[in-house]
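Read through the structures below before going on.
Two complexes are shown next, each including subunit A; its partner changes from subunit B in the first to subunit C in the second.
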Partner chain A sequence: MQQTFTIANLLGLHVRPAKQIVEAAKKYPNTQVFVEKDGKKNSAKSLVNVLTLGAKHGDAVTLIVEGEQEAAALAEIGAILSANIDGHGAKA
Partner chain B sequence: MKIRGIGASPGIALGRVLLMEEASPEGAAAASIEASAAPAELARLREAIGQAAAEVAALRDELKEKGREHESEIFDGHLMLLEDEELVDRAKQAIEEDLLSAESAVAVARDEIAAMLESLEDEYLRERAADIRDVCGRIIGKLSGRSNLLADSGNSEPVILVAGDLTPSHTATLDPQAVAGFVTLQGGRTSHSAIIARSIGIPAIVGMGGSLASLQGGEFVIVDGETGELHVEPDAATIEQYQARRASDLAKRQELQALMGAESVSLDGVHVELAANIGSPADAEAAKAKGAEGVGLFRTEFLYMGRDTLPSEDEQYEAYVSVAKTFGPNAPVVIRTMDIGGDKELPILDLPKEDNPFLGYRAIRISLDRHDLFKTQLRAVLRASAYGNLKVMFPMIATLAEWRAAKAVVEQCKDELRAEGVAFNEAIECGIMIEIPAAALLADRFASEVDFFSIGTNDLTQYTFAADRMNEKLTALNDPLQPAVLHLIERVIKAARAEGKWVGMCGEMAGQPHAVPLLLGLGLQEFSMSAGSVLQARALIRKLDQSRMAQLAAEALELESPEAIRAFVEERVPEIRL
Partner chain C sequence: MFGKLFKAKKETFTIRAPITGKAVSLTEVPDEAFAAGHMGKGIAIEPTVGKVVAPFDAIVAHIIHTNHAVILEHASGLQLLIHVGINTVAMKGEGFNGLVQMGDQVRAGQTLIEFDIEKIRTAGYPLITPVVIANEDEAVTETEVVEGKVTAGQDAVIHAVLAK
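This part shows the complex of A and B:
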């Protein structure tokens, strides 16, 4: 199953959010997790692969999950993709 | 010989050059193995990674214990990279399929991944290539039984380390007792080695490029981490001069460092805000580290210069958000709309050459003509205002009509964003720079309409005296302590305060020791200066009594010349000699 998320983190997928994604993806050993952007499909279980996606704030990134506990993995990792980890809450 | 690079960590260091050789230079010949040796190489690789991971974990824990959280986090990332499946798979593949030794296999994986990172648009991500090199260098060091860390130089005197690039591992483990400063060929202000150098206070210059090729090691050099200048084999007079500067720098820095995070408040309890003038998001980080409480002037021109296309709304938005984020949600960040034109050329706008660029078609005069450019910038600022206390400031305002026209475009952008359902700060403050005497003279009328003033003393002075500030023969006229300028400043501050609006200053004057007591006395509320002057200004203000300075300013306004005013301030305010 797959779903597209918009990167909310102001600094894009930098080391901190990327690390969280890898940590979350590794919790599902029997599930394949990929992040895809502009036709580039990378494993979400590798920090190198998540970083080299080069995803910036506002980019659309598709999360593709195949295997056990798909829905749980999709929800957990999707929440990180759409979280503003480095930023501040909007006040307007 | 003097060579210039990028000043990455301020301070002065003197010492002899220690050239650092890279553990395994890129492009070194790859070592092949027999197919039968592959399993043994794989086992060596696994063992080396395990040893490297143990070492990094120990380093991370040690840094964390010492309270060096930021650096500790960097090595937490390295730990993840060491076990990264992409990295490990590539290295394994190079052993099994290309029949390379484990060392060469790691080098191949390192070069491939570093190249991938370096091809990205984002500067921060590009610089992560240095982290991959660091991690791989550590694995290779374990494989070859060599330590990746700086070998004992055998020197008892502190050295200046010169390297292609310093990895975060090197930088974090540098002993300030042994290494007085460092210089690298690669890297920028945001590379990890630069950040760590600033946090441990080692003077550093980065991005020297090929200009260091002639160094053999052992030369006596001076590192000026503020200006980015490296003096090679300087003469005795230069050495003496820098030694003296270093000594007084150190003494002063210790005194000033104690004021980091202290309030900028006068003896009689008047609070002012000390902000920084910046030109880029990278400056913002440096400014905060130097004690600035906010940004009083963000010169946005840098976004437009040195390129063939205009910056998009998203690109500008990211730059503004990044500055807002650096200073946190409450600190004020004043964004001045672009001041292009005149002497700052922008090829894409195809502006005609002018005879008097400072009196020409520039800044708000272009913005009001080119709503496409102006709206792109204002929308970006408004969108970013959802993430911090951003304010909009218009440069070169001369008439009320210009101010009203500019404000109307802001309102138009707000309407659009509202209709699009995009978040922004509805109450965002809009103000003007007071840098043209016409605006200073009518300050009372502007004050009833704007949210704030910021006095740009550099231009205000040159326009008041009709004296080009680039002309070296006219420096005496370009003195903000000229009584005529002081009178204009007094008028502007009074006008703002009568309407209950805040008033700041973003010219060089705001950080000058002779001017600060007068400005405090006149009732200036925000002082925006180059970041390096902030702590000094704070130290001074904390020694002054605002009501006494008000009296001083009133008397100074009666004097006839900048010289008389300087002498008067020196006599009455001995505190300016810190």
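This part shows the complex of A and C:
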């Protein structure tokens, strides 16, 4: 299953939010998790792969999950993609 | 502890300081994700010189477009994240000069990023720079860190036992 999310974080998917995605994806060892943007589809279980998407604020990123607990993985990781992690404090 | 590492008969990989300064525990980083080790095992360096050099021969796996962080990949597969300062993403590249690009092959000692210590300090961001293994669950089984004054490219900061 898959769903497209808009990156809400003003500073985009920089190192910290990217790592949160990786950690969440790794909670599902029997599920393949990918993030896709502009035709580039990368594993969400590698920090480098998530960062190399280069997703910025407002970009659409499709989350693709295949395997056990798909719905739970989609919900958990989707929430990170659509969260404004840096919050109001970010001087963006 | 070191003796145990070397007796393990697995390959130990020494990572030298990428920045000149003072190497301290990650727990001193004023960012919970780094301090708690969620970003990977490693060490932090309080820089005294505004320059990041490659601690080993590597491929530039990623350099953030704002040039405040870089991930290097060693031939063993180990990926090292060097993140200059805390919350410096918000500087949007101001004060950072990236000298390499993604995919570049770099040599140990080569300068990767130059950064303006005064500018970052004036902007109010901590300069402390976490140096962590980005893919520790795949790449390493054990790590040991070395604290104290370090010179970039010379002094060891992390000894890692490679997983393969």
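We take it that the second predicted complex is superposed on the first by the 88 of 92 C-alpha atoms of A that agree within 3 Å, B and C clash if a C-alpha of one lies under 4 Å from a C-alpha of the other, contacts with A are read in each partner's own complex, and residues count from 1 in each chain.
Quick note on the criterion: a contact is a pair of C-beta atoms (placed from the backbone, for glycine too) under 8 Å apart; a residue touches a chain by one contact, two chains touch by 3 or more.
Keep in mind that this is a model prediction, so the values were computed, not measured.
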First, second, both or neither for A:Gly58, with subunit B first and subunit C second: first
When both partners are placed on the shared chain, which of subunit B and subunit C touches more of subunit A: B
Touched partner set for A:Ser46, first subunit B, second subunit C, both or neither: both
Subunit B/subunit C common contact set on subunit A: 11, 14-16, 19, 46-48, 51-52, 54, 86, 90-92
Parts of subunit C lying in touch with subunit A, wherever the complex brings them together: 31, 33, 38-39, 61-62, 64-66, 69, 71, 73, 79, 81, 83, 87, 89-90, 102, 134-135, 137
Subunit C-touching residues of subunit A, taken from the complex the two chains share: 11, 14-16, 19-20, 23, 26, 46-48, 51-52, 54, 86, 90-92
In the complex, subunit A residues that touch subunit B: 10-12, 14-16, 19, 22, 43, 45-49, 51-52, 54, 56-58, 86-92
Parts of subunit B lying in touch with subunit A, wherever the complex brings them together: 73, 76-77, 80-81, 84-87, 113, 116-117, 120-122, 124-125, 128, 132, 314, 318, 321-322, 324-325, 328-329, 385-388, 423-426
